[in-house]
Amino acid sequence: MNPSRKRRIRLVVALTAALLAASALVYTSFSAGSDERTAGQLLDAAVAGKTYTLAGTVKDGSVRRGDGVLWFSVRDPHRPVAVRVRYTGIVPDPFREGRGVMVKVQRRGDLFMGEKDSMVTKCPSKFQVAPPRPGSGPASPT
Amino acid sequence: MATVGRALLIVAFAVALYGVGASLYGAFRGGHAWVDSGRRAVYALAGVLTLAFAIMEIAFLRSDFSFNVVATHSSTTTPTFYKATAAWSSQEGSLLLWVWLLSIWSSLALLITRRRVREVAPVATAVLMTFGAFFLMLTLFWANPFESLAQVPQEGTGLNPLLRHPAMMFHPPMLYSGYTLFSIPFAFAIGALVTRRLNAEWIVSTRRFALGAWLCLGIGIVLGARWSYTELGWGGYWAWDPVENASLLPWLTGTAFIHSIMIQERRGMLKVWNASLVLATGTLAILGTFLVRSGILDSIHAFGASTLGIPFLILIGAMVLGSVGLVTWRRADLRSEHQLDSLFSREAVFLLQNLILVALAFVVWWGTFFPLISEAVTGTRASVGPPWFDKYTVPLAFALVALSGIGPLIPWRRLTMASVRRGFVLPGAAALLTVLALLLVPGAWQEPKAAAFAGVVAFVLTSVGQELWRGMRARQASAREPAPVALAGVVRRNRRRYGGYVVHAGFAVLLLGVAVSSSFQHAKDVTLRPGQTARVDGFDIRYVRATARAEAEKISLGAVLDVSKDGKQVATLRTTRGFYPSQDISQGIVGRFFGGERESEVGLRAGFGRDIWTVIAPDLAPLTPIIERGNRTFRTAMVGIMSKPDGDQQQAVAQLYALRDAAVTAVARRWVTSPWPADFRFIVSPLATWIWIGAIITFLGGLLALWPAPATARRRVTAGYAARVARELARTTQ
Amino acid sequence: MELLIVFAVVLAVVAFVGMPLRGRARGLDPDAAARAELADLQAAKEAKYQEIRDAELDQRTGKLSRADHQLLDAELRTEAIALLKRIDALRARSDAAHTEAAEAESVTSPPAVG
């Protein structure tokens, strides 16, 4: 076979394979993706049994802990509504009230069940240290 | 000195703009003097930015809170090491670090190549200085590290406790070195395309910088993974987070580039491919820098939404359009000089490896940007998680590691059956034996993919070992040296080859650690009181006692745990959770010492066989009534002090704070004296340590490949071959 | 004091960056294209020599049989010779151009009075 024709065939085969693989990738991403929603969007339209990624800010005064379970509310950035989340698993160190959070949830009535270990919290740009005062700061190690 | 710093940035910006203009004018009209002046502008930029960076560093070390960036990212209580490195924990400081590193590496590149690539270098200088001017523009108009405060605070807000880890302090300089070093082959590629000097010289002049970039970026990525494993309280090292992926993208395409340029050097092939790869790598490096700062994708790492997104998008858009335009415009000059001799050759293996790396990069890119893509296509933002990434990256990584073992066994140009027999038998046998041996290990075949991967790794390690052995034997045959000397000699004279082999071996080991530690990991969340025991993967982990430590910077509540197996003590683990004070006075005089940021200190026993990892999450709820009582008591006392005459107040306040400190310590001590149940996560990961060992081997191999060959050997060998070729030439003309 | 520091830096930068421009004005280098082509050929030659060395190491480590190596080595040396010829031809053209230019200059300028 003409070498130039052979090369062209190889190129066509390779490009076809690449196109098929890319199509499979694109298709599975749309079917495997979990929708990102705000609290308001979840309250309006979330259906039970489907997993959503809830993104928002942890509502002040809403955090409760006990028996290995974390309860908190996530407020909507645009509307004065919030959803209650029950979560188990890793709680990232930066998690706290007033901070951005993303967690995978499924609806159960008015409650949203957090998927274990699915929480991500925004890394804060600073933390706060007590200003130095005379004798300030606990000193003795235990 | 903040004023001096600001002025130096303006001078630097002017120098960068001058460098662009002088280099381009000299290249196309003005001649050598202008080209030299443009190159000197790069050196001058490095000098000026070194001064500026030094001013910023000194401000951090001196805790000069008149600098806004110092006041918001450091404090007097921050340890000196972290003060020095806090500079780049901020947007402003990190941008200055980026452009400073760019100026240093650009100066080095132009110094080394000043007598070579004379037509290409001026255009490359202009490109590098354009990057410099861009980043300086950001620092001048959007994120100035020398912004000063009208009212200087007594104390700074301090460094994020999550960043107080050595790995996290070296991670940005290594990443940015990688990004800026990749700018150099990018710039020289642009220069080569513009000036149509598209043969071997520009590749030879910049390939070391590409390899150096690969090395630095890889080290930066591994440092980030190590930080995640030992600092963040989730026990993992890679989460396919957008910012992690952003640094991986240029590393993948850069890995493809440093392999495929070997084919262009030898055979004059893949010119379009290499030009596209290096331009894509440079663009992805800028994209990575952009992703962290733009806030367009939700990530734990993001600095947060900022106004830098638009300028970066414009630069990236210009780079993409310019790159595509240049390659299209010069496609006639990029025609290959030769064709692939055989599909069974090292060239073909390299090409296949390149395709896999680019496929990996596409998967990572698609998954990272999927939230934006899905929003554009469907109107709804959706994201894909680790299971989606793993579905595609695992088989591709499998194939990549297999090729890294096959490549060294195959000669250039063509493979024959005889060389297959000579090369593949031993590594093939090792792979088969490994797989069979694993049949005897209980539970190994519960994860068949991991077991099969172990076979592939055995193939790679055997093939590398075989190459080293045969090279040593070949040298012994000619030089009659003892084995260690012969081995050192053959490696020394063929650093690029054997450095590459070591990299392959290290990478295989690294991925073996990943495969086994993730496939056979045992994790358990338990709640324990002191004295209670949990069982994880055959290990008994007993909560021995609670610990508490109260320091000026933080309060640490933790635990000591004993790990034993079959009655024999294996390890003692210590884990703590640090509670940093908050400046929010509404939390109360006592309460704010427990209300700030939190940070976990992981308890880790690393071993060649397995890692045993733990974190504690103490619940502060039982302390709440005591803290609230303390808040009330001290608030009342403070009100009483404020009603005293001014002269008596200072002493009274000092005494009150001393009592407060004692009270906070006492509250923390309750964790020890009356401990309540604590939540623990225990993880047992087999072969996890081999991830880090594999990484070290990989980077040592990279360093070996990067090291210049001994000059005398180069001259002697060149003269010898030149003489032989010259003799042939004489014979052919007779 | 701060103003002095900045002024000193600016002066130093201007002096350093402007130094090449204060010498004799040199226009575009007429030899630039030839030098660049020569550099490309030298780089290609070095790469070819590296290929020859690699092929020899491949043969000594058993990846290539003696017969295969002989074939490949001959091929590579032929390619190396072609490169050397191109380098020599380029150098000869460049030397001829320089000689012409030098002769033209000696004809136009008056002889030195001794």
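Per-chain residue numbering starts at 1, and chain names A, B and C are given in the order in which the chains are listed.
Keep this in mind: contacts are C-beta pairs under 8 Å (C-beta built on N, C-alpha and C of every residue); 3 or more make two chains touch, one makes a residue touch a chain.
Since we're looking at a predicted model, the values are computed, not measured.
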item	value
Which of B-C and A-B has more C-beta contact pairs	A-B
Label of the chain whose CA centroid is most distant from the centroid of subunit B	C
Centre-to-centre distance between subunit C and subunit A (centres being mean Cα positions), rounded to whole Å	56
Between subunit B and subunit A, distance of the C-alpha-averaged centres to the nearest whole Å	23
Inter-centroid spacing, subunit C versus subunit B (mean Cα positions, whole Å)	37
For subunit A, residues that touch 2 or more chains besides their own	none
Of all residues in subunit B, those that touch subunit A in their complex	72-73, 75-77, 90, 153-162, 232-235, 241, 298-304, 339-340, 355, 359, 362-363, 366-367, 370-371, 374, 377-378, 380-385, 387-388, 391-392, 525, 527, 547-553, 555, 580-584, 592-593, 596-600, 617, 619, 621, 650, 653-654, 657-658, 661-662, 664-665, 668-669, 672, 679, 681
Residues of subunit A touching subunit B in the complex	3, 7, 14, 18, 21-22, 25-26, 28-30, 32-36, 53, 55, 65-68, 88-94, 96, 100, 102, 104, 117, 120-142
Of subunit C, residues touching subunit B in the complex	2, 5-6, 9-10, 13, 16-21, 23, 25-29, 32-33, 35-36, 39-40, 42-44, 46-47, 49-55, 57-58, 60-65, 68, 72, 77, 80-81, 84-85
Of all residues in subunit B, those that touch subunit C in their complex	1, 3-4, 7-8, 11, 15, 18, 22, 29-34, 36-37, 40-41, 43-44, 47-48, 51, 116-119, 197, 199-201, 203-204, 265-266, 268, 409-414, 416, 418-419, 422-423, 467, 470-471, 473-474, 477-478, 494, 497, 717-718, 721-722, 724-726, 728-729, 732
